[in-house]
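The structures considered in this document are given below.
There are two complexes below, and they share chain A, which is joined by chain B in the first and by chain C in the second.
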Partner chain A sequence: MDNVKKALAEIVGEDHVSAEPEELYIYSYDLGTTEPHRPDYAVAPRTTEEVQGIVKLANKEKIPVVPLGGGLSLAGLAVPLRGGIALDLKRMDTIIEVNEKARYALVECGVSQAQMCSYLERYHPTLTHSEPGAPGPATIGGNVAIHGQGDLAQPYGFSSDMINGLEIVLPTGEVCRFGSCSISAGWFTLHPLPDLGLFLGWSGTTGIITKVSLRLFPCKRIRGTGQFVVEDEELVPEVMHKLTHTQMAEDIIAYSQAIPPFTSGLHHITINIGGDSEEELEFKQKLLWDDTLGEYIRRGDGGFLGFRRGLDRPVVAKTSDWRKGGGFEYVGAIMPVDTYPECYRRGREISERHDIPYTVLGRCIGMSHAMMFSWTYAFNRADPESIRQAREALHESDDLALELGGTLWKPGLYGQKLVMERMDSNTLELMKKVKQLLDPNGIMNPGNWEVA
Partner chain B sequence: MYELKFDENECLSCVTCDCLTRCQYMDIDKDTAKTEMSKIFNGEDSFVLHDCRTCYACEEYCKMGNHPFYLIVERQEEMDIPPRPRPLIKRSVGIGIPFRGEPEIKEVKEPVLSMGTFAPLTNDLIQGKLFQGVSLISTDPRTMFHFFCQLMYLHDARTSVIKERLPKTIETIARYNVKEVIFFHDECYGTFTSYAPAVGIEVPFKPIHFFEYLYNRLKELRDEIKPLNLKVAYQRPCSSRLSSDKLHLVDDIFNLIGVEHVKREYVGENALCCGGTILGQRKEGSRQLAADVQRRNIEDMINAGAELCVFNCPACWDTLAELVAQRGIRPIYMSDLCRLAIGEKPAGWR
Partner chain C sequence: MALAEYKYKDILHRCFRCGYCKFPTNWIDVNNCPAYARFRMESYSCGGRLWLTRAWLNGEIDWTDHLAQIMYSCTACKNCEEKCPLRFNVDIVDMIRATKSEMVERGLIPSVVKEFLENIQRQGNPYGKARAKRGEWIGGTGIPQYEGQEFLYYVGCVGSYDTRAQETARTLGKVLIKAGLPFGVLGSEENCDGNEVNTLGEETLFEMLAEENIQKFRDLGVTKIVTLSPHSYNTMKNDYPRFDGSFEVRHYTQLLRDLITQGKLNFSGGLNARVTYHDPCFLGRWNGEYDTPRQILNSIPGIELIEMEKNKTGALCCGGGGGNFYTDFLAGSESSPARIRAREAYATGASILAVACPNCMTMLEDAVKAEGLEGELAVKDISEIVAEVCGLA
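Moving on to the complex of A and B:
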């Protein structure tokens, strides 16, 4: 056993460290188009102290550390580009506290979305968190770290806006807490202490999130999804604006896709609502479908497809089935809502140019303050030409998002480069100083957000 | 091109004008009915074209078999008076496009049962002794739209789509080279026995109604039937209006398996539709009308003492099953009810 592996085993136990090729293989790739690269070690710590120990060892040995939750970002953010330690945080999966009255949950970073949902449903049915619609194993820590958005993004914003406190292991091994938890035992607010928000959106290059206090929200007894369909993409921003004005919707998503054929050229707008009683639900339905969208229905420009009880969460992964070979990746961008028509048209052109069935989706964030718009491309994992095509389409979509005035969400290396090229020089310089200050040995997820 | 056979003189000589006077959604007297039907067959605008809920019932009310409903939807299309918003119609038209390969046509032994376009939802229904020896077709969700009867486009006033696609569907089914085909769904049966002849499309096989098959098979298994002694309501689907001569089979089956078809206001020719189509129509108040129709329908079932609501149409099931269950009435498919009667336990039945 080599010395590093031995030292890692002393920290986490032999069962939770591996340098075996078949296990490293699993950590060498994600489900997108990023070229795979194997780590030298895979380690799964159970505690914050173990994370500290690993980071200190990595500093001493100058070994890269790549933290990952579910490893499902698709953009290659957890691919160990320069080898080192793949730090798998999934064993840190304790739900430490749920405070019903203050509506928050204190969890370890590796708690999965599915675990959180089922726990709340079983023990705290009047509470819910903003569930991102990712596969069940996606983690709470991973989602807040990448500024994810869930099914409460419309009223409450990004998942990272829903943080009441964070525990971070710095790249040099110290543990820091942010929010009320830094001065007391309470994890009920992140504000109003001096802002040290240096850890979200950095793809794990400035530290490792180990605990999150996550805001919870009222969960209505009956929740469901209604669908409204328009053909003219120009109507989508207007419809979203009107819907958000009602302040009745939990989640608003518009999507259009080539497959199946009945969705092609149409824009399905899914609207989640909830009610504690039939009366509350009907009140909201009347306000939304009859009063707000009725004019489109009567003109024949928009159609109400019905309301189904039970949440219909978007499953972008279905797109992987659009082509043989089961691969898909998307560019997500945070865009002004009024760019939806252009995002759709141009995205469709990109897809058609690369002979990939188009799939686009816009999720409303914060009362139409913005939307997350995604361009998704299916590819055949077994066909290098298909992967190349998808990669080109993804890069064109990165370019497009920035051209239309948007910002890239959880960008891969190509997107990070584009963002940094456009970023104003003072901000970029500050990023560089922050990175150097926090990670003097450059061990954290190297290759990502590397400011020249 | 296929043309609807509609006899204007027969319509003018009609003494009852039941097609419109009995309409459940428009209040029309006989004189108005006569006037409006004249406008419609003369290609003039009529409020009927705007207010029609496409429930199919007038097709049954016309005892002369003159196809008033088919005429109404043809005119709606010709005069661009779509009953539903354009995006929903475009979506609907897209649903029927097969996109996942060609169906594999294997040699089959009769009897042959076509499941329409509801796979995989309905595949679990065709189980047990009732269906021993039956060859199933159109059970693969990837290719089932090759077998799609297309008739739902009546709800969208797109008879042009039906006429364009139906011959191809018939050709696909005919490739099995069988004399008779049982159709699970009323809509398919109605397509081949009512719509196709009405517009002059030839059907080279004999369509058999699913209930006819069930009834005959139950008779063969008569010794195994144990009366269920349940009170049931039947949710009659809109397309059953195209085969009213087969409606008696519902009661025939119920009598055979010992269930009581409860006495209701909304039964037979007065049956209410599931509301699924009305829900999304353009006319103001459609969503609330659909809810009202559903409420009246279910309350009628409750008042009549129904313990079960029997479905055959998966679309009705999709629209109503949860709603009836919320009101304490168990939804069940006709085939599952029949299976219960011969001592079998349908999937999920407790």
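Moving on to the complex of A and C:
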């Protein structure tokens, strides 16, 4: 056993460190189109102290550390570009506390989204968190590390806007707490200082998130989804704007896709609402369907496809099987809502050029302050040409998002480069200084967000 | 064999590795794949095994003993098939089995698996104990030899040789006698049913065992079989018909439920206890039988049946399937699935953990000891609980 592996085993136990080709193979791959890069070790710590020990060792040995949650970014953000330690954080999966009155949950970073939902449904049914569209194994820590969004993004914003406190292992091994938890036992607010804003959305390049205090929100007794459809994509921004004005919706998503063919070209708008009573639900439905969307129906511009009670957990993994190929990847961009029509048209062109059935989706963030717009490309994992086509389509979508005035969410290396090329030079310099200050040995997820 | 010759070459790459396969039905944790629960490395998840299979057959990685251990740590519990949202999910366990078959073909199996299979080939049981001693469990119980009675009581390898499971086998025999059921056992003439051999990928040996058993049953005029083990029940019910071996096969809980309903088994007392029931994979997920064992327990006066959080389609496997009760790839840790399951059972507040499978019995009883829960949580087979309330214990 080499010395590093031996030292890692002393920290996490022999069962939870590997330098075997099988683990190195698995952790070299992202699920999207990113080329694999092998780590030298795969390690699965259980505690913050173990993470701390690993990071200190990595500093001593000058070995990269690549933190990994569910490994579902699809953009290759946890691919060990320069080898080192693939740090699988999913063993850190304890829900430490749910404070009903203050509406927050203190969790370890590796708690999965589905685990969180299930726990709240069972033990705190009046509370919910913003569940992302990612598969259920995606982790809470991973989602905030990439500025994710979930099904409460419309009223409350990004998942990283829903944080009440953080515990971070710094790239040099110190443990820091941010928010009220740094001065008391309460994890009820992140602001004001010591909220330094240095870790959320940085994809693990500035430290490792080990604990998260996550804001919870009222969970209405009855929840469900209404479906509205329009043929003219130009109407979508206006519809979204009007819907958000009601302040009645929990989640608003517009999407269009080539499969099934009879819906191709249509724009479905799903609207999640909830009510604690039939009266509340009826009132919201009237306000949304009759008062807000009624004019489109009367004009023949849109149709109401019905309301279904109960929220289905998203099963986005099914997208991977559209071409019976086991793969898909998407570009997610944060865009002004009024760019929806252009995003759709140009995205569809990209898909058709690469012979991939088109799928586009825009999720409202905030009160139409922005939307997360995604261009999704399924590919066949067994066909290198199909992977190449998808990769090209993804790059063209990255270019398109920036051309249309948007910014990229959790971009892969190609998109990171585009963003940094356009970034204000002083901001870029500050990013560089922050990273150098926090991570003097450059061990944290190197290759990502590297300022030249 | 190259990937092109692999039976599932057209679907192997379709696993996205999203990770749904690790969840129980109620999503409460990601520990419901027993091997993943034990090691918590992606390589040990169902998706990991499928990706590694493809990498191996593609020549991207070489075979190693570690690769074989990863494959053989699969207990064939079918949790992955239950949770995978993709259309090929019904084939997942068989895809892993096909990988094991390839390893068998190439002679690349772990030594303990080799030992397991060789023992069965030589002695008809995985322990390598003498065939002649297979009937010793009967002792002086008066359980009759099969001589054309209505039912053959097939005990299986674990019930025949494992000391604790032998007690269960004897107890069930006594219960069946009390119910007046015309039945007999094969004793030293019984042979391995082959279920584990099949899940370990030794197709030739499995076919041989199935054909030999079928021929023996035919020669003896067997038409109805009641099994102690859900593993035997599974293979005799679902696999033997492929070899023209069609018998009326029932798991013993199904028979006991009917005997109770028909008034042929009368309870002389009740059992004031909180009981939780562990679903065996080969009765539950493999054969959809969730209700009958619960109906028996609910019919016993005084029993309060409490469900574990993960039950029925979402039950955590004890870790003993796929030969792991012997090969033990998942042992040695508080994260061993049997120990997790013992803790889950204890968390219900039950004093009895009821099982309906000799493999689960041995796995969970050892786990209860390892957890230091002896005296607080008793592992009992349903037949033993029934025997107790029938005044047989």
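The rule is short, and it goes like this: the second predicted complex is superposed on the first by the 444 of 452 C-alpha atoms of A that agree within 3 Å, B and C clash if a C-alpha of one lies under 4 Å from a C-alpha of the other, contacts with A are read in each partner's own complex, and residues count from 1 in each chain.
Everything that follows uses one rule, which is that a contact is a pair of C-beta atoms (placed from the backbone, for glycine too) under 8 Å apart; a residue touches a chain by one contact, two chains touch by 3 or more.
Because the structure is a prediction, the values reported are computed rather than measured.
S.K.: After the chain A overlay, clash or fit between chain B and chain C?
M.R.: fit
S.K.: Between chain B (first) and chain C (second), which does A:Ser264 come into contact with in this model arrangement: first, second, both, or neither?
M.R.: first
S.K.: Just checking: does A:Lys432 make contact with chain B only, chain C only, both, or neither of them? Give me first, second, both or neither.
M.R.: Touch status of A:Lys432: no partner.
S.K.: Spot which of chain B and chain C makes contact with more residues of chain A, would you?
M.R.: After superposing on chain A, more of chain A is contacted by C.
S.K.: Which partner does A:Trp289 contact after superposing on A: first (chain B), second (chain C), both, neither?
M.R.: First partner only, chain B.
S.K.: After superposition on the shared chain, which partner residues are touched by A:Arg177: those of chain B (first), chain C (second), both, or neither?
M.R.: A:Arg177 contacts neither chain B nor chain C.
S.K.: Who does A:Glu231 touch here: chain B (first), chain C (second), both, or neither?
M.R.: A:Glu231 sits against chain B, while chain C stays out of touch.
S.K.: Touching A:Gly302, do we find chain B (first), chain C (second), both, or neither?
M.R.: first
S.K.: Let me test your reading of the model: by the given contact rule, A:Pro21 touches which partner, first (chain B), second (chain C), both or neither?
M.R.: second
S.K.: With chain A's C-alpha centre as vertex, what's the angle to chain B and chain C, nearest 10 degrees?
M.R.: Apex at chain A; the opening toward chain B and chain C is 70 degrees.
S.K.: Thinking of the overlay built on chain A, is A:Ala317 touched by chain B (first), by chain C (second), by both, or by neither?
M.R.: second
S.K.: With both complexes placed on chain A, how many Å separate the closest C-alpha atoms of chain B and chain C?
M.R.: Across the overlay, chain B reaches chain C at a minimum of 11 Å between C-alpha atoms.
S.K.: Spell out the part of chain A that touches chain B in their complex, as residue ranges.
M.R.: 229-231, 259-266, 285-286, 289-290, 294, 296-306, 309
S.K.: What residues on chain C touch chain A, complex-wise?
M.R.: Per the stated touch rule, the residues are 11, 13-20, 22-23, 26-30, 39-43, 48, 51-52, 55, 60-62, 64, 66-67, 70, 85-88, 333, 335.
S.K.: Within their complex, state which residues of chain B touch chain A.
M.R.: It is residues 82, 84-88, 90-95, 97, 99, 276, 279-280, 282-288, 322 of chain B that touch chain A.
S.K.: Please name which positions on chain A make contact with chain C in the complex.
M.R.: 15-16, 18, 20-23, 25-27, 29, 31, 42, 44, 70-72, 88, 90-91, 93, 112, 114-115, 117-119, 122, 135-137, 313, 315-318, 320-321, 324-328, 380-382
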